[in-house]
Amino acid sequence: MTGLTWGMIGGGEGSQIGPVHRISAALDGLFTMTAGALDIEPEKGRDFARRLGIAPDRAYGDWREMLAGERDRPDRIDLVTVATPNATHYEITKAFLEAGINVLCEKPMTVTVEEAEDIAATARRTGAICAVNYGYTGYPLVRHMRAMVARGDLGKVRLAVVEFSHGFHADAADADNPRMRWRYDPALAGLSGQFADCGIHALHMASFVCGENARELSSDFVSAIASRKLEDDAMVNVRMDGGTTVRLWTSSVAVGSFHGLNIRVFGEKGGLRWAQQWPDQLHWTPLNGRTEVIERGSADSPEAARATRIATGHSEGMLVAFANIYADLAEVIRARGAGRAPDPIACHYPTAVDGLRSITAIRAAVDSAARSGAWTDARPPSLRAG
Amino acid sequence: MTGLTWGMIGGGEGSQIGPVHRISAALDGLFTMTAGALDIEPEKGRDFARRLGIAPDRAYGDWREMLAGERDRPDRIDLVTVATPNATHYEITKAFLEAGINVLCEKPMTVTVEEAEDIAATARRTGAICAVNYGYTGYPLVRHMRAMVARGDLGKVRLAVVEFSHGFHADAADADNPRMRWRYDPALAGLSGQFADCGIHALHMASFVCGENARELSSDFVSAIASRKLEDDAMVNVRMDGGTTVRLWTSSVAVGSFHGLNIRVFGEKGGLRWAQQWPDQLHWTPLNGRTEVIERGSADSPEAARATRIATGHSEGMLVAFANIYADLAEVIRARGAGRAPDPIACHYPTAVDGLRSITAIRAAVDSAARSGAWTDARPPSLRAG
Amino acid sequence: MTGLTWGMIGGGEGSQIGPVHRISAALDGLFTMTAGALDIEPEKGRDFARRLGIAPDRAYGDWREMLAGERDRPDRIDLVTVATPNATHYEITKAFLEAGINVLCEKPMTVTVEEAEDIAATARRTGAICAVNYGYTGYPLVRHMRAMVARGDLGKVRLAVVEFSHGFHADAADADNPRMRWRYDPALAGLSGQFADCGIHALHMASFVCGENARELSSDFVSAIASRKLEDDAMVNVRMDGGTTVRLWTSSVAVGSFHGLNIRVFGEKGGLRWAQQWPDQLHWTPLNGRTEVIERGSADSPEAARATRIATGHSEGMLVAFANIYADLAEVIRARGAGRAPDPIACHYPTAVDGLRSITAIRAAVDSAARSGAWTDARPPSLRAG
Amino acid sequence: MTGLTWGMIGGGEGSQIGPVHRISAALDGLFTMTAGALDIEPEKGRDFARRLGIAPDRAYGDWREMLAGERDRPDRIDLVTVATPNATHYEITKAFLEAGINVLCEKPMTVTVEEAEDIAATARRTGAICAVNYGYTGYPLVRHMRAMVARGDLGKVRLAVVEFSHGFHADAADADNPRMRWRYDPALAGLSGQFADCGIHALHMASFVCGENARELSSDFVSAIASRKLEDDAMVNVRMDGGTTVRLWTSSVAVGSFHGLNIRVFGEKGGLRWAQQWPDQLHWTPLNGRTEVIERGSADSPEAARATRIATGHSEGMLVAFANIYADLAEVIRARGAGRAPDPIACHYPTAVDGLRSITAIRAAVDSAARSGAWTDARPPSLRAG
């Protein structure tokens, strides 16, 4: 297998998400980092890129320069990851898609529903891959849950109870710290605080596992720290288009939770339970039966097997989950290059349509909260026909 | 200490709740069972009572006979537990209170808000003790949570996230089994199914721990098994009168949960986490600190110390929690007998006012669900002034 | 059912074990406490007994007075619990057995092997019941483990890995505190410290579950706190007479353990795991299969069913486990009174023979440790034929 | 930072350990794989190497060819990983060290103590780095335990209780499967089965954390599956040179364990508990205090901070732990290249001396087991002076 080439926009020195992407992309040796515009300050970005081993002529000062430099190279990058501030995702992603370059965009894909519709349409029109980094669905046992639901182990799903909670923003005395304040400031974060930041991951996971999409929702937003304009705690009830009810709680003031991304799924024939903090075990209870512990590595689906690298009993962790998104993209890119169909189980990465659905759900949750929890349509305008 | 005398109505042979009360009342040797009307069939009840060691003249055929028999005895029972079908609680409890006999009533205290107001008023007027068996608050570590909140360890409480879920009613093929069907039949269960059956315990626990009461709420009810007229799954958001938000989920179709009564409380200065299935450990995370495990037996409050019998590391369990309600009642009854003030930390058992608040909250949740989650006043009419 | 009568020697006001026995005996209403010699100081003991509701003429000053008073009464006690200091167990137990009164003796049954042989022979000769309080085997799920082994679920058992560890004696600065010092003083505690105090419970549990007895053992004793003459930490390897190897670790300096009594059993066809701190769940892994969680209350053996009182999902705890020993004894006493065979699954309480085996194992472990871990016969002299 | 170059011997297509090394070495982008002799069949190895992106002239047929090819290149590899069958480790490692090429050798470093002494001496003499892959000590929280012990948080350590158990070899019907049979065949596995395979990791971890080395030991070996010539279960008691007692259990027939590598450390001032299956939490109990949960990412030592990549609450896993060994080696190699002292906290990787101590401990455990557990010197001959 010859390596694919990969570039990154954003994720400069000192950023949190930058190394996560670089490790995840490198982990299986599928992608080699060959281009980058890593920093808001051009010279810092070029310098950092060179130190990461990128050739000087592909260490760009900004994304426009990078687009210009890559677009017409015969060996242009196979994939670009967009990890810039949220408000810039739309413009950059759209530009690369228009150039026919595959994109993995950090979430949120855009700020507005209209932009999201545009990205989804652009991806459809250009044929370029547009993936969005709801990376937690890369965990082998999350994929196994989806497979179990899809093959009918649970029967019809009735309920999914999901949570994404942490307490990292609970300190009122630290609320003005710029590191966290921006997340609750509409000017910088957009319409929603904690729901857009974390809760949406939980909703995407529920959709992913259940194979259903949000139809309407009712939300309750709270700013536990009163100075915050946006919510730091939210409860959202969702009716999915397949009939499942999702109960979603998210909080950033839940002292004692640490990235507590949990999902429970209850169907006619059994229930599932999984938590991101201990991702290597999945609990499955068949109806009227005993809870069983499914260890990563012994999960009996091709989806889980494909996403797993090491033996049962060792822990794999989040970087491997994110690497699975990259591995999926590598397979699809290669298949296109070879003019063959990709492995179908590599096609479960989140796409522009998932990004669009997520933005629409955020918009709906904000509107519902403003109207005392009134039930609100959560479907993208372009997808309301169904 | 001379023993107190105790009687029971309902809880006949084969009932689930009967032995729980008998064990709990006997556990500390504080009460001796001396009277009973245990069964809907008089002769069966008398026979069973005699076999339990009750003197033949106090083995009654029904509650009216028992009231008549006990009311004027000089050695009449110190306390009667009412564990009959829900619809009869009001009449029986009221009659015994009017006779000046102390009552521990199983939940729900009554069916309607009006009846509940009447019981609360009757208890106030007669001076007889009227307790209601929200017994889960008898756990030492639940009492310790309340003490921690009261003494300010958490600062102002912001959120309580509570849950009472199980999957015992998840089997659609068994939904017509009379053992469970009645709970979802308005004719037998009243206004609400799972919320009234289990969820209300979680709300009472949140109130107990936070020291606040429900002011208004918004609810979403689902019948996951479509044939059910009443809900088997509910989500309720509550604003408490002290400003805390409660997020409450309850379900009887959550396959893999087994009496999952859990509470998490998040305040300005820290968070607490406790689960009924492992009641001997409480998790406490101070703001910006590490999670600590508080073992029952080493909790540093007089409330916890009073409620604890055996050394740290052994498990105590639910019967001991319920026994704490009886122990509290014994102390209060004795104090009255001796003309002294009771130990103040023995006064945390749930009362007729708690029963009234619970019935009102159920009524409000039913109304809110019927109006698509509209926010609804959850305060008893008689307590809306404050 | 008419109640049985019960007396107690030792367990006076302020003792730890006294209330455990009183609660356990009372819990099911099977025994009524009707006689007692509760304290080393006669008047204190008489006073305390009267306050516990014992009739004045049966509130005795010491055990000899109690034996004299009870022996010839037509309504003499059905059972006496001996909870006095260890060195007195032999004399008291022997005297009551000789009088034909059934005894439940706290562990250790005696100090020496010779005394233990004598008690076992006396019980055999007189026909009186002699039980020894290895009460942890009263847990429903421990009984279920035994049943699973006995019915062949595990196939031939290969290994049992057991542990009884705590850290309550880890503080060197507190080592001279009389409350703990006596346990490591040969003059007061006998031959062994932590192994005799706690470890022996773990060995008894392994025997109970596996249905095998110790044949020989090799031990390593350590006094982690150097001033102690007896061990505060011990590792013992045991070959059982059925071929199973037991690996037993016990410690009183294991800071962070709290009565950590754990057992794992590994057989040809599966493995079991149970911990006293969370006694309501048993983990079972069939060979080449998934770990399953067996909840107390849904364990499918008559042994577990008999020992269980409340529904799955609630916790029962140690007092209920100990109550099961009393419930067994009640059944056997009643059966004898009625001239019928007792329910066979009520016959799993630990007997004088278990007491004898335990004392012999302690003796062997002490000898082995003194000889650098040399393998040592652990069988009682009277039982070496097999 | 310019990348270092790395080669691998063994770890061909289909091997388990090969991808673990390739991912771990690549994870931080510190090493680029530039040479390899990956398979016992030269052509398969060359082909696989080329497919992994290695230049054809450095895709070697065997290790001798690789040594010849690399030894005199100006751009020869900075590090070679030896992941061949155990019996070949000595010869290969020695040859590369003699050429001055740094080696990371899979465990066991050699088969005999004499060979291990030779490797340790060769590394000392040549100055080349010789690391041995006891990779589990790369976990951030294992390093934090070591730091806590070193800085005195526990006071004097008294005991370490360690375990490495699994049940993957428990099926007697599958015992002749070549995949597992070789591990219990002296001709292929050497002197010891499960202790050498897994147990020695636990001993190394105890040494690493406590900062002490084995002085003498007593062992009990069992072949639970009788046809095995070597042990599949072992208990080893160890006295460390600093006075700590280690209690080590290892098993491959422990059905229900899955790579259960656990360590508990008990000192004068507190206790620690960690398990490989949930590597992101460390439990710390100060003497007379409450158990605290130390989350990876918030552990307050530079050792833990250096070894951690992502935020608290996400899981990192084994590949990251192994990557830490590579990161340490990269730092030391670079420091040597730059003529500066390496970061001292990068010097905790296991060395040839650790490899030597491990081989000696295995030898001692085998001898002790053969002599009924007699205490046996566990120090390498060259290190007995102390």
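By written order: A, B, C and D. Residues from 1 in each chain.
Just so it is clear, a residue touches a chain if its C-beta (ideal position, glycine included) is under 8 Å from a C-beta of that chain, and two chains touch if they have at least 3 such contacts.
Remember, it's a predicted structure, so these values are computed and weren't measured experimentally.
More C-beta pairs touch across one of C-D and A-C than the other; that pair is C-D. Subunit A and subunit D have centres, each the mean of its CA atoms, that are 35 Å apart. Averaging Cα coordinates per chain places subunit C and subunit D 43 Å apart.
Distance from the subunit A centre to the subunit C centre is 55 Å, each centre being the mean of its Cα atoms. Residues of subunit A in contact with two or more other chains: 257, 291, 295.
If the chains shown are joined wherever they touch, the resulting network links each chain directly to all the rest. Listing the residues of subunit A that touch subunit C in their complex gives 290-295, 298. Those residues of subunit C whose C-beta lies close enough to touch subunit B in the complex are 1-3, 16, 19-20, 22-23, 26-29, 33, 51-53, 166, 257-260, 276-280, 295, 309-320.
By the touch criterion stated above, subunit C contacts subunit D in their complex at residues 158-159, 161, 167, 170-172, 218, 220, 222, 224, 233, 235, 237, 245, 247, 249, 251, 253-257, 264, 266-268, 270-273, 283-288, 291, 372-375.
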